[in-house]
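Paired with subunit B in one complex and with subunit C in the other, subunit A is shared by the two complexes that follow.
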Partner chain A sequence: MSDPLQISQKISAAGLDAQSHRMRIIAENLANAQSTATTPGGDPYARKTVVFSNKFDDVLGTNIVGVDQIGKDPAPFRIERNPNHPAADANGNVKYPNVNMLIEMADMREANRSYEANLQMMKQSRAMVMMTVDLLRSS
Partner chain B sequence: MLDQIVPALPGVGQSSPVQADATIRSRPVAPSEASNDFGSMLARMTTDAIDTLKNAEAVSIAGIRDKASVQQVVESVMAAEQSLQTAVAVRDKVVAAYLEISRMAI
Partner chain C sequence: MSSIYLFDVASQRRHWLSLRQETVSGNISHANTPGYTARDVQPFEEVLQSVRPELATSDPAHMKYASGPAETITREDQVAWHVFNSGNSVSLEKEVVKAGEINSAFALNTNVVKAFHRMLLTSAKG
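Presenting the complex of A and B:
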């Protein structure tokens, strides 16, 4: 494949894919915002982070974005006192996930905007291809 | 429709008015042949377009079965639509050229 417009569409498609993976991770984080351990004193759900990287694609012969790795946020867990909880340690403290709703919401918005930008890029390159093909037609 | 274009392509190559060479006219043009004349170029383009369409169909079916993401389905269908539009435009041009020749005053 050597048509730059088609390659740019593929790159945008990879961007869409990457952003949807990011959305998935955010959804996981939000859904597990209250997931504690089941054993006393155990660690709760750790917030997941997603790392993107620019990888070389053999078929396209160019770099496209992809999910490089899904890591864990090393931030300390939120500790609340709740002796009745099954995950409470000897002192009655329960560790809650280090998920911050505000950060997740901001992340979600950013993923949404990046998705939109990639879609727009796709639309534009498609419009350029179609404009060029129309040149054949309307003469 | 595209399948009908491919068998017709050798004919297209032969009817090309720029090819005065008799050896080129008599020789059928195979799509796999790596020659540079107009007919084989068209044949290659059409084969590519058919491949894109087939891929789009496969990905759409995979999408229905939840095996492919929405982005993949949309992207491949859009690529297929693009190549179909290009193929139709080229076909229209070729047919127009053919008709133009047939209308030539003798």
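Presenting the complex of A and C:
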């Protein structure tokens, strides 16, 4: 069994990884906010969603966080009339992605906060290990 | 006057604090996991007072196991500040408060050990 402080650092690392993965998906959503289909009347980019889950890690012998699945948002697409667009259907309507900037921004801030919290825990665990190591130094 | 096993108690306390740190880290990393309930360890007083069941020694050749600290049990946090729509009951603020407590308790513990160690050295060196 390894030291709980080391395990706690690894748990925080898993948290950081999960949140950065989430950040990547948000960046993908924002970058594709205007990506329409290439064929007339086709479906545009669908917003991606991330689901986290509590998984048991065999090596650590404890539960860590991980990305469970990356799903697609079933919300309806935004429809705009633009007959000149290459992706316009027979009626001249174009489907735009169901990406909402505000929601993505809120998500980004939340991911940022959670990332910072994990980082803080990692720093503290390291400081605690150093405190123990420093016991050897004083004498 | 009964003697105090300071280093033993300090070592148990350190173990308990690291376990609590691990639990808090787990809670924070699961801050956005749907359906996750926050966890906490049992109080130190309970751990210190709980006794390990003794193994019967029916033969003199039986080895005695070293009496280490009793197992610390993690359980669900009974007093969650709030529960999200997703069923997640982790409050980052609460966890940060806990982390602060752990940090100061850990610093106190190590400093006490350091002080006693110095005293021991003083008497040993003469």
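Keep in mind that, in the parts below, the second predicted complex is superposed on the first by the 138 of 139 C-alpha atoms of A that agree within 3 Å, B and C clash if a C-alpha of one lies under 4 Å from a C-alpha of the other, contacts with A are read in each partner's own complex, and residues count from 1 in each chain.
By our rule, a contact is a pair of C-beta atoms (placed from the backbone, for glycine too) under 8 Å apart; a residue touches a chain by one contact, two chains touch by 3 or more.
Since we're looking at a predicted model, the values are computed, not measured.
After superposition onto subunit A, partners subunit B and subunit C are found to sit side by side with no clash. In the superposed model, A:I64 lies in contact with subunit C only, and not with subunit B.
In the superposed model, A:M121 makes contact with subunit C only, not with subunit B. Set side by side, subunit B and subunit C differ in how many residues of subunit A they touch, and the one touching more is C. Using the contact criterion defined above for the overlaid structures, shared-chain residue A:M131 touches subunit C, although it does not reach subunit B. Panel annotation: after superposition on the shared chain A, the angle at the CA centre of subunit A between subunit B and subunit C (CA centres) reads 40 degrees, nearest 10. By the touch criterion stated above, A:S20 is placed in contact with subunit B alone, subunit C being left untouched. In the superposition on chain A, contact of A:S53 is made with subunit C only, not with subunit B. Fitting both structures onto chain A leaves subunit B and subunit C with a minimum C-alpha separation of 10 Å. Applying the stated touch rule to the two superposed structures, the overlap between the subunit B and subunit C interfaces on subunit A comprises residues 9, 122, 134. Of all residues in subunit A, only 6, 9-10, 13, 16-17, 20, 122, 126, 129-130, 133-134, 136-137 touch subunit B in the complex they form. The touching residues of subunit B, counted against subunit A in their complex, run 69, 71-72, 75, 78-79, 82, 85-86, 89-90, 92-93. Residues 14-15, 17-19, 21-22, 24-26, 28-34, 36, 92, 95-96, 99, 102-103, 106-107, 110, 113-114, 117-118, 121 of subunit C touch subunit A in their complex.
Those residues of subunit A that touch subunit C in the shared complex are 3-5, 7-9, 11-12, 14-15, 18-19, 22, 51-54, 62-65, 110-111, 113-114, 117-118, 120-122, 124-125, 127-128, 131-132, 134-135, 138-139.
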